[in-house]
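What follows is a pair of complexes built around subunit A, which joins subunit B in one and subunit C in the other.
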Partner chain A sequence: MFGLQKQDAKLLLIVIGLTMLAPFILNPFPESSGWAQFNAGYPDLMQRFVIFGIFAIGFNILFGLTGYLSFGHAAFLGIGSYAAMWMFKLFGMNVLPALGLSVVMSGLFAVLIGYVSLRRSGIYFSILTLAFAMMSYALAYSVLATDMDGPDKQGLLQKGLTGGETGLQLTLSDPRILGQQATDDGNLPVPSFFGLEMRSATELSVGDWVFTFSVGYYFSAVVMLIAFYLSIRIFRSPFGMMLRAIKSNQQRLNYTGLNPKPYTLAAFVISGMYAGLAGGLMASMDPLAGPERMFWTASGEVVLMTILGGAGTLIGPVLGAGAIKYMENILSKINSDILHTWFAFLPDGLEDFVVAIIYPFIGKGWHLTLGLIFMAVVIFLPGGIVEGGRRIGSMFKGRAKKTDAASGGKTVAPGQDPAE
Partner chain B sequence: MGILDVKDVGKRFGGLQALGDVNLSVKENTCHAIIGPNGAGKSTLLNCLVGKLIPDTGSVMFDGQSVLGRSPHEINQMGISRVFQTPEIFGDLSVMENMMIPLFAKRDGAFRLHAIESVFNERALRAEAEEMLSEVGMLEKQDMHAASMSRGDKRRLEMAMCLVQNPKLLLLDEPTAGMARADTNNTIDLLKEIKEKRDITIAIIEHDMHVVFSLADRITVLAQGTPLVEDTPENIKGHPKVQEAYLGESV
Partner chain C sequence: MSKTNLTRRGVLQTGAVAGAGLALPTYLSAASHSGFTNAPGDSSVTLGFNVPQSGPYADEGADELRAYELAVEHLNGEGDGGMLPTFSSKALEGAGILGRKVEYVTGDTQTKSDAARASAKSMIEKDGAIMITGGSSSGVAVAVQALCQEAGVIFMAGLTHSNDTTGKDKKANGFRHFFNSYMSGAALAPILADNYGTDRKAYHLTADYNWGYTTEEAVRSSTEAMGWETVGQVLTPLTQTDFSSYITPVLQSDADVLVLNHYGGNMVNSLTNAVQFGLRDRVVNGKNFEIVVPLYSRLMARGAGANVKGIFGSTNWHWSLQDEGSKAFVKSFGTKYGFPPSQAAHTCYVQTLLYADAVQRAGSFAPCAVAEALEGFEFDGLGNGPTLYRAEDHQCFKDVLVVKGKENPTSEFDLLEIVEVTPVSQVTYAPDHPQFAGGSLGTCNNGA
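Up next is the complex of A and B:
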């Protein structure tokens, strides 16, 4: 089906099902319960799940397959965002041309950065990509943010190409070719997909549950599914096999008549384009692009996502992205008051003690939790969440075989609960 | 003139003259063995033929074209395949995938971006790979992880990967080293069969004289970077200089 082998088609169908039902799956707790704060089914976060999923899927094509660890992929995320913003400002508010330019621009930059960086491998490659990303950051932050209009004008380039620290924003005087400069009631127009506004949403109340279905999420989810499908095709193609061969033994590849360089460059460019697509989607969901999107921490984050989920696996990066974004948004919201209400049943002294122990790991301290989880995964579960799922799956399968030989389907993907 | 002509090739590593004025001509569709004590420069010579090393002096012509200055993948595309002294395979890939890579290289050249085609829909290539695998007796291992195989199997896989490209010249660097007697005999039989069935020239480096005398049409003895003698196996057997070179090594 879709030109995929049975196993991969099954995985794709599961992912389609999970992303389409995500507003339900991620909102398991009723609004009035104390657990409601663990609900992740609101559009803003769900969009982040799929957008960073795209970013990580693309990163995995480079890192997971060839083993080349880029430490500067956030540069392409930023380039994609700026490109989309300029398309919104100059052309029109439709997201398709914006995403198109994001992918093209990030691809062009990836050719340049990849061509230079891939002259080296290993740590030197990583350092080169990091240097390029920090240069891009510096360019966006200051160099390209100077007044390019002339001091006495208030034009389009008053704050340069990137808008500097405050970022690139829409204004009421953008000279848009298609569509209006401002809506009828004088507001900024909103990115849309042929009239469907990205931020519009409908809510569905069932008993004590409220489910939100937003255009932005479903649009991003469909883009993610296409990106995911393409990555499966790439993984199973001769090209994907060559990339794995590069990771395995470049020497043999050379003496087998193949030139590893163009293959690695192609992988680099493809993954850069994925990052650009993710950046363009970010700007489409929230029309604003700032330089911090290119900062090295953002590059590091996608490395963590990919390794946490399982580098070189199909679904791992998406799970890793979900897990990290969930922690970032949910764990960080818990504060000491909430902890006190949870542990109120304990005697006072003990309650304070327990809260004091847990406190460093929540709120702003969520990075600490992430760090510990990451270390545990790297040490005990090098294959990441996917390997964890596989181990649990085979444990159940082993048990099922003992009791009932007839039962037991193959667990391809572990459950998509990012809280895992 | 042979299919491979090595003229006055010299190679120096720092103060060590690893090769000095090597002249060698390998005739088409023959098996040419290169023997010599450890450190004689046999592997260095091979490295000069496949683009891994660039000789300091001399020329290397293959099929009427110079190989010097070409990169390894270009030389392979000219029709030279090489088996290494320690097996070089794609350890992270399955045996079948290991076979598919040389087939794609042969079909598509050094680079072609097949990002959407499925590997396993390539029925024709797969059939070729299966045929080759059964020839080396590894068909039932096709789904195995290549890194998890025994050393002997890795060697056989590497040989199959080279042979499936149908090279004009096959270079073998001690293909039976570390193999059990039975495996060595299998390898001899395989190479004999290959020689009969296809138009292929083989250059083989080997310490095992049983292998050399079973396969070689001509033998070159290399010692301290220079060819001592080149002759037929019968004449080499009793040659005093050869005895000397080998005795010299064991002292």
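Up next is the complex of A and C:
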């Protein structure tokens, strides 16, 4: 089906099922139970899951296939966001043109940055991309944020191209020539897909469970599925094969008379466009673009996502993105009061002791937990979550399987020949 | 291997699945229920405290959170009641808000607009928060305020000093108790003229972000109006920790006053550098070189240590004030935590009380009703004297404190002394003042 091999089609169907049923799957605990803390089925987080999933899928096309580690991918995320915001400001609130411009703009920047950075490989390439990303951050943060209209005018460029630290926001005075400037009750219009507002949601109460179905989430999920499908096709295409060849031995490829440059540049641009698409979606779900999403820590995050999930596998980056965003949004919100209520059944002294032990790992200390998990994965499971899943699977089956439907491809340990 | 041959059946199947996927959201965009976002149940109501728990303003955030916990205690009738007895409005009785027990959720803004909005969104969507409050930076305040406007909940700003929060970026659902850059400039200028004369040349070092710009603009226009001349202005990156390279050009200019439009760690570092370079011992144009810090906080004064002695600045509130409200607040905060509250803690505590009181008076949690109750509300007994929540821009108008670093501090908390309480009339401006022009409140949004 879909022009895919059977196993890939199966994987795609599983992903479709998971994303469509996410509001149920992510809300397993009833509202009134203490476990409701761990529910992740609210629109904002579900949107983040799929959006960062797209970002990581795109990153994986570059890093997983060619082995080029870009440390500046967040720049494209930011460029996509700013492009989408300017579409909202100038033309109207439909998300399609906004996403279109996001992809085009980030693609253009990727050609430029890629052309320069890809002249080097290895650590030098990483540093070059990092430098470009930090340059974009600095531009967005202050250079392009200065008032371009002059202090006495209150025009469109009053806060510059990027809005600086506050971020680029919609205002009531934006032209929006193809849409309405303000809603009937005088508020800012909401991003929409031909009238379908991204913010609107409907709730379904079943007993003590409340499931929220948000338009924004389903829109992003469909975009992610398309992105995922395209990535499968790229992985299985001769082009994908070429990229793997570059990863395994670029010199040998040179000797056979092939020039790898156009292939790496194409992979870089494709993955930059994926990042731009994710950035545009972020702005569509929440119309604000801030410079922080171009900061190097944001670039580092997508590297973590990909490696945590399993670099070079199809589903790995999506799982990694989900795991990190879950920790960031759920673990970080557990404060010491909540811990005390959990362990209230213990005697007082012991309760304080247990809370004191756990506290550094949750709440604002969630980075510590993430770091430990990441170290454990890199040391014990070089293939990421996907490899973990496969090992568990083979444990049950009693023997190692040759291929694994859940990964859709072989996990490639660094340096290992990834030929099929 | 790839398989690229298209079959009729394949295309049809793909099309059908894609079509179903696209059509699914249409089914689910059902009508929103009536009323307003996150209408609370009969027993409890949830407030969202969104403060920086990590990053450069984590100290302020921690103090804000303490103040919020104290306010929740007092609203629920626990503790000693704090400012409730001194508050001029007697609608609150210590029985929660409209008979509902006050509960709260916390989040970390990280002093980043994106993170702050994500955290606020999860409070609204997941935890059902009816009001969001907090923050220690104007960028975050503006971003979260815009989000609350869209989502249809009330935003009670924490520490945000930029003019834009209630100027260009004001929103109908957002309210600010804290003072702003304009007020700092207007309050400081006369004191500076009295102490340093009207014939001075000022050099500005300004943090390169929204708050820095408006503060520099406000201080410049107020000081230039009384005869000072501005001879230099340089933007410094927010992440800068060593300001030596910015101080050297000051030495080479003929400036005799240095204005540090810095806050938090920036100010601590730049002031320390300036003092190390011997700026305060310099004599330029026959006058002693002086340093001014427009926005002071106790936490900053503690960081800069002995360097703050004799340096002028302004502040929203200080724990050494002797009115009944301040005394009651300092007492109950001190009893609970063992040290006096900062100005950030004060403004957050007051904002929570003001919100609860407005709901109580309006008799409803609906954001529009609450906004109406807050607009034009005059109150007293919350530590700043008689105060007005102006309806035109949702900014509080009250006295502003001009403070100076104490020469002989008695403790690590007793670092600032109040030089003058500038009366509210001197810091009031028209809603369409040029420093605030360009935005509009829009209309209040009750959400879904």
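Remarks
Quick note on the criterion: the second predicted complex is superposed on the first by the 398 of 420 C-alpha atoms of A that agree within 3 Å, B and C clash if a C-alpha of one lies under 4 Å from a C-alpha of the other, contacts with A are read in each partner's own complex, and residues count from 1 in each chain.
By definition in this document, a contact is a pair of C-beta atoms (placed from the backbone, for glycine too) under 8 Å apart; a residue touches a chain by one contact, two chains touch by 3 or more.
Note that the structure is predicted; figures quoted are calculated from it, not measured.
Once the two complexes are overlaid on the shared chain, A:L331 sits clear of subunit B and of subunit C alike. One of subunit B and subunit C touches more residues of subunit A, and that partner is C. In the overlay built on the shared chain, the residue A:A245 is in contact with subunit B alone; subunit C does not reach it.
In the overlay built on the shared chain, the residue A:S237 is in contact with subunit B and with subunit C.
In the superposition on chain A, contact of A:Y255 is made with subunit B only, not with subunit C. Of the two partner chains, subunit C is the only one that A:V215 touches; subunit B does not reach it. When the shared chain is aligned, subunit C comes close enough to touch A:D286, but subunit B does not.
In the superposition on chain A, A:G3 contacts both subunit B and subunit C. Of the two partner chains, subunit C is the only one that A:Q169 touches; subunit B does not reach it. Residue overlap on subunit A between its contacts with subunit B in one complex and with subunit C in the other: 3, 5, 233, 236-238, 240. Subunit B meets subunit A in the complex at residues 50, 71-73, 76-77, 81-82, 84, 88-93, 97, 100-102, 104-106, 108-111, 113-120, 122, 161, 165. Residues 3, 5, 233-234, 236-242, 244-245, 247-249, 251-259, 262-263, 266, 270 of subunit A are the ones touching subunit B in the complex. Taken together, the subunit C residues at the contact with subunit A in this complex read 1-6, 10, 13-14, 17-18, 21-22, 24-26, 28-33, 53-54, 105-108, 112-115, 117-119, 121-122, 125-126, 138-139, 142-143, 146-147, 149-151, 164, 168-169, 208-210, 235, 237-238, 434, 437-440, 442-443, 445, 448. Those residues of subunit A whose C-beta lies close enough to touch subunit C in the complex are 1-5, 16, 20, 39, 42-45, 48, 141-142, 152, 154, 158, 164-167, 169, 171-172, 182, 185-188, 190, 193, 196-197, 199-203, 212-213, 215, 218-219, 222, 225-226, 233, 236-238, 240, 286-288, 290, 292-293, 329, 332-333, 335, 363-364, 420.
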